[in-house]
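Next come two complexes built around chain A: one with chain B, the other with chain C.
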Partner chain A sequence: MQLILDKLKLRYSRRNTEIVKWKDNTGGKVIGCLPMYFPEEFVHAAGLLPVTLFGDNGPIAHANRHLMTNACGAVRGTFEDLLLGKYDALDGVAAVLICDQVRFFFQVWSLDHEFGFFHQMWRPFNIDQSSRPFLLNELKRLKSALEEFTGNAITPGKLCGSIRLFNETRSLMRALNDIRKTRPGLLKASDLVKAIAAGMIMPKEEYNSILKELITQTRDSDYESGEKPKVMVCGHPCGMPEEEILDLIEEMGAVIVGDDFFTGSRYFSVDVPCSGDPVEAYADFLLNLIPCTTYHYPQNWIGQDRSLSTYGDYVADYVRENGIQGVILLREMYCDPFDLEFVMLKRKLEERNIAHITLNTGHEAGSLETQRTRIQGYLEMLSC
Partner chain B sequence: MIVAGVDIGSQTSKAVVLKGDNIYRSALFPTGTDLYAVARKVVENAAQGIGHTFDDIQRIVATGYGRVSVPFAADTMSEITCNAVGAYHFYPDARVIVDIGGQDSKAIKLNDEGKVVNFAMNDKCAAGTGRFLEVAAETLGVSVAELAALSRKSGNRIRISSTCTVFAQTEIVSLIARRTPQEDIAAGLHESIVSRVYGLVNSIGPGDTGRVVMTGGVARNDAIVSLLANAMKREITVPEDPQIVTAFGAALVARSRLGSE
Partner chain C sequence: MGTQAKIGNRLESQNRLGKLIADHYQEAREIKESGRKPIVWTTTAAPNEILWAMDFCVLFPEAYAATCGARHAAYRHCKITEDKGYEHHLCTYCRNGLGSTLADIEGLDPFDPLPAPDLLLVANNSCSLITKWWEHLSHYWNVPLIHIDTPYIIPGVPEKDVIGHIKHQIGDLIRFLEEFTGKKFDHDRLREVVKNGSESAKGYTDMMKMNKHNPAPSTYFDLMPHNFPNLVLRYKPEVADHYRLMKQEMNERIREGIVPFENMKYRVYWDGIPYWFAMRFLSKKLQSLGICLVTSAYSQLFAFDRSDPERPLDSVAENTAYFYLNRDVRYKAEYTEQLYRDYDLEAGIFAYAMTCKPFSITMHYIADYVQKKLGVLSTIIEGDLVDDTFFDEEKTGIRLETFAEALESNKPSVGKTVF
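After this line comes the complex of A and B, so read on.
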């Protein structure tokens, strides 16, 4: 089991050189997709390899010259990689404009680098009646752009085939995630996020077979259950959560049994419907993702049972339904969608009597030792 | 039963050796760079205070930022829990604890049983901590104690706009160059630290009942204590020896763990 996990982690850490290798071996083209929610299936159906772009969590040496100081880590990290030439092998880049930072800084990318394919997909922040037709148009626009770039028609059959393949990936990821719920502590959270992220950069055909083997071995491995407090870790909307923080939480004696990471539940919780017109099905999929701070649901803000934070409801329900003792909020510095939702989320957790703690994360977020004290103090609070 | 709690802080290391229910001695040394050595020395010193040696101690709990560097401790525990246990022991009606140490500050909320229900710690820099006052005092060329005395004489408190220690130092230099009276700068510095700590206290939802206890080295600075009491509109209690409360809490944890073995 650990051997496969290590292999996937290695693939993740070598993600940029893997692109070059894949291109040399196949002669194919690669499109880099900025987190989050890019319709990778469309890219795949056009005969291209979609890879999610994860910036580095390390120090930022170049990007700061170009970016505002309040740019989030995901934006800075990916821009740093761009400036370092790590994305030179890409044939194109694409992004769903999930927030103002991505909207603004992705424009900067197009000014700075010339890519053969550059596509921005708009997406509503508020989910209401106008969202579906809008998304449908955006998906059609994406489809045409990819067809024009490749000269390949994205037929309904091809798109359905890609959707089925990606649904299989999501379902395997869910199966792996279920193991950590039923056998808490068997899989380290930092291993799991990287194993999931590896699936966002590798060809799904290859990844799915590796994941099947990993699931079999994980189910077969010895396991001793313990009485550790179970926690959910939320926040950190886009990039790869810091391995050190996840490890600290588990080293300090808790087990992470749930998350809402993009490199976690948010990527694999929902499947694209496989019936009817695949473009329409995809629009429905994008409207039915699990709540996230980059989506708002104004219809829930009115009426007697109104809720100002659908995201907060989701987190609180998840905690209660899964017998979780507490929530650790990773507050990515300078992520405005998360900051906007943060106050309401905290209020929701307080109303529902759910113990929580906030850790600031991201580039230059502070010393690990202070985080250690916070985490230990919080876990002692949970277990008293 | 002889137990000890050792609190390795960023600036000072404290130990409390507890014998039976009531007898205890404490010791305190600057932390320095050899955390193991200072931990051993401070525990030994406290033990000698009640006529015992290091080897007589049956269980030791380590806390503070250097807690992981104390191999002879049976357990480590966060300073949040230890501080709460210690403060609640001295004041069972304590519901809010404000602890300002050398390089961090904390606000802790307790319930009626003395359990931690919420806490907050200062962010990544040393603003709002003892180090902030030390740097400021050094820049003004006075001791920390003199800084507090100066601040009380001020009739015109200067607003120190920066809450970052390093930038505040620059600001002090420029205020000195503009011949701003030292006492006004000192008052501004105290105000600056208190506004930071007050924000921290508010973030835990301190409520308005129960005792507020202030611990840590900075609790000896009565200018800070009274400014914070004004800001909170509550009385603040400072224990006789505010610096050893966390180590005392660690010793109490050691005692209860030894008792339940």
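After this line comes the complex of A and C, so read on.
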């Protein structure tokens, strides 16, 4: 089991060279997608390989000449990689304009660098049916752009095929995630997020077979779960959460049994419906994802019975439904949507009487020792 | 541009502006006391003509934030939000607004607070953070919130789809407001409001263009506060008169050779939202260095120049869609370049606001773009919208002095950013 996990982690850590290797082997083209919510199935149906772009967690040097340090780690990290030439093998890049930083900055990528394919997509911020016609047009525009780029028609049959393949990936990821709920501690959280992330950079056909084998091996494991406080870890919305923090939490005696990471539940919780027109189905999918700190849920704010946070409701319900004792909030520096939602999320957790702690993460977040002391105190409190 | 021209006193229009602002807030307070109209808090480029046509009292927390910044009251409001868990680096217009609200609700004596809202309207054409800000207002005031989603104008997205999406939401807004107020929407009144807005917008734009004259009859910082009438009061017919009189006053200055300060040497562009708390310092410093700020793309935020009474609903939707911040970086860079050409500018000061990403995140790119295109000199200074803890007066002063030295020595450093 650990061998497969290590293999997936290696694929993740070598993600940029893997792209070159894949292209050499197949002669195919690769589109890099910035987190989050980009309709990868459309890219796949056009005969391309979609890969998610994760910036390095290392020091930022080149990007700082173009961006102030108050840009978030994901934006600075990916731009740094672009400037370092790590994305030179990509045939194109694409993004849903999910937040102000991506919205206002992403186009700069295309102004200084030649990409064969460059696509910006607007997922309406009102998550309700009023957004559906515009969203549908955006999906049709993406489909046309990909068809023009590749010369391949994205037929309903091809798109349905890609959707089924990606649904299978999500279903396998959910199965893996369920293992940590039923057998807490068997899978380290830091292994799991990288195993999920590997699926976002590898061909799904290959990845799904590896994941099936991994799930089989976990079932065969004789690991005995001990009695440890179960926690959910939230936040750090777009990027890869730091391995060190996740390991620290588990080394200190807790077991992470839930998250809402992009490299976690946020990616695999919901499937695209397989019936009817696949473009229409995809619009429904994008309107039915788990709540996100970036978006607006109109029905909550018009009526009389407003919840102070739709996202907070989701987290609190997840905690209660899964017998979780507490929540650890990872707060990435300079992520404005999360930082604003964070205030309401904390109140929601207080309102629902859910113990929680906040750890700052991201570039220049501070020492692990400080985090260690805070986690220790928190876990002692949970154990009381 | 050295000159021996006469030095002008403060523009008479500044006094008239002061009265327009004071009357607006006084009227809002009276409305709150009497309850004769519902009060709505809205954002700069939401489809606000709909609200005026429905006879709402319409207030702008962003304009209020600028006032708090200029009056050195914002820091206290921002501090209140930090105590409540809001991060220091979040937009300080937002933190000022939430801090003032929290202070008002908790009886902590905010600075001249806006009368409490009955309704909230927000459009995300300036940023998506503003939607979250308004959600928090909705929570604290316990009033309904309507959000207008405004897709970014990007290459490939048919603009008619963006306008259509906004217009559809305006239709939903009208239906909601009819239910909220119990009144039928009056399309004739909307046409009248848009007509007033169109005349006000034309007056504003014409007035701003007076600084194309060399020497400029006024500094950009003197003109900048006059965005207030076109933003907040353009539904009133008298606002066009304000701009007409102002243009007249500036014309007189040009005729008589009056300039705003002695020893004006350089015609310079300003980029970004002003540091409201530092206007006096910056004005004095720039004048001492002979730098005359002439214009800024910031003014375009308040142009509302699509208003057309022949197409009231469409033009309201267009103003919302084509809001300057909702344009992509290539458009902004080209627009800025054109300003340099139209106003005969020789350099630019790019004012990075540490808590405003929409304005600041592409600032390096735009500064580089105009430098490459025009061979002009640029400098980037660092500060913030209303929170002076992000601003270092001494460091900024030194940077501006260095910039002036580079301007003085002229050619060797042309095409380079001065840091």
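Basically, the second predicted complex is superposed on the first by the 381 of 384 C-alpha atoms of A that agree within 3 Å, B and C clash if a C-alpha of one lies under 4 Å from a C-alpha of the other, contacts with A are read in each partner's own complex, and residues count from 1 in each chain.
As a working rule, a residue touches a chain if its C-beta (ideal position, glycine included) is under 8 Å from a C-beta of that chain, and two chains touch if they have at least 3 such contacts.
The structure displayed is predicted, hence computed values, not measured ones.
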Practice prompt. Label the relationship between chain B and chain C on chain A in the superposed model as either fit or clash.
Written response: fit
Worksheet item: Does chain B (first) or chain C (second) touch A:194, or do both, or does neither?
Response: neither
Worksheet item: So, A:158: does it touch chain B (first), chain C (second), both, or neither?
Response: neither
Practice prompt. Name the contact category of A:337: first (chain B only), second (chain C only), both, or neither.
Written response: second
Worksheet item: Which partner does A:15 reach: the first (chain B), the second (chain C), both, or neither?
Response: neither
Fill in: Contacts of A:76 with chain B and chain C, given as first, second, both or neither
neither
Worksheet item: First (chain B), second (chain C), both or neither: which does A:103 touch?
Response: second
Discussion item. Taking the superposition on A as described, I'd like to know which of chain B and chain C A:308 touches: first, second, both or neither.
Written reply: second
Discussion item. For the superposed arrangement, I'd like the angle with vertex at the C-alpha centre of chain A and ends at chain B and chain C, nearest 10 degrees.
Written reply: 80
Worksheet item: More chain A residues touched by chain B or by chain C?
Response: C
Worksheet item: With the two complexes overlaid on chain A, what is the closest approach of chain B to chain C, counting only CA atoms, in Å?
Response: 6
Item to complete: Would you please give the residues of chain A that touch chain B in one complex and also touch chain C in the other complex?
Response: none
Worksheet, complete the sentence: Residue set of chain A touching chain B in the complex reads 360, 364-367, 369-370, 373-374, 376-378, 380-381, 384
Worksheet item: Along chain A, where are the residues that touch chain C in the complex?
Response: 65-68, 70-71, 97, 99-101, 103-105, 107-108, 111, 119-120, 122, 124-126, 130-131, 133-134, 137-138, 141, 145, 294, 296, 298, 301-303, 306, 308, 333-334, 336-337, 339-344, 346
Practice prompt. Quick one: which bits of chain C touch chain A in the complex? Just the residue numbers, please.
Written response: 84-87, 89-91, 94, 124, 127-129, 131-133, 135-136, 138-139, 142, 144-147, 149, 151-152, 154-158, 161, 164-165, 168-169, 172, 176, 328-330, 352, 354-355, 357-358, 360-362, 364-365, 382
Worksheet item: For chain B, which residues are in contact with chain A within the complex?
Response: 65, 76-81, 104, 115-117, 119, 121, 123-124
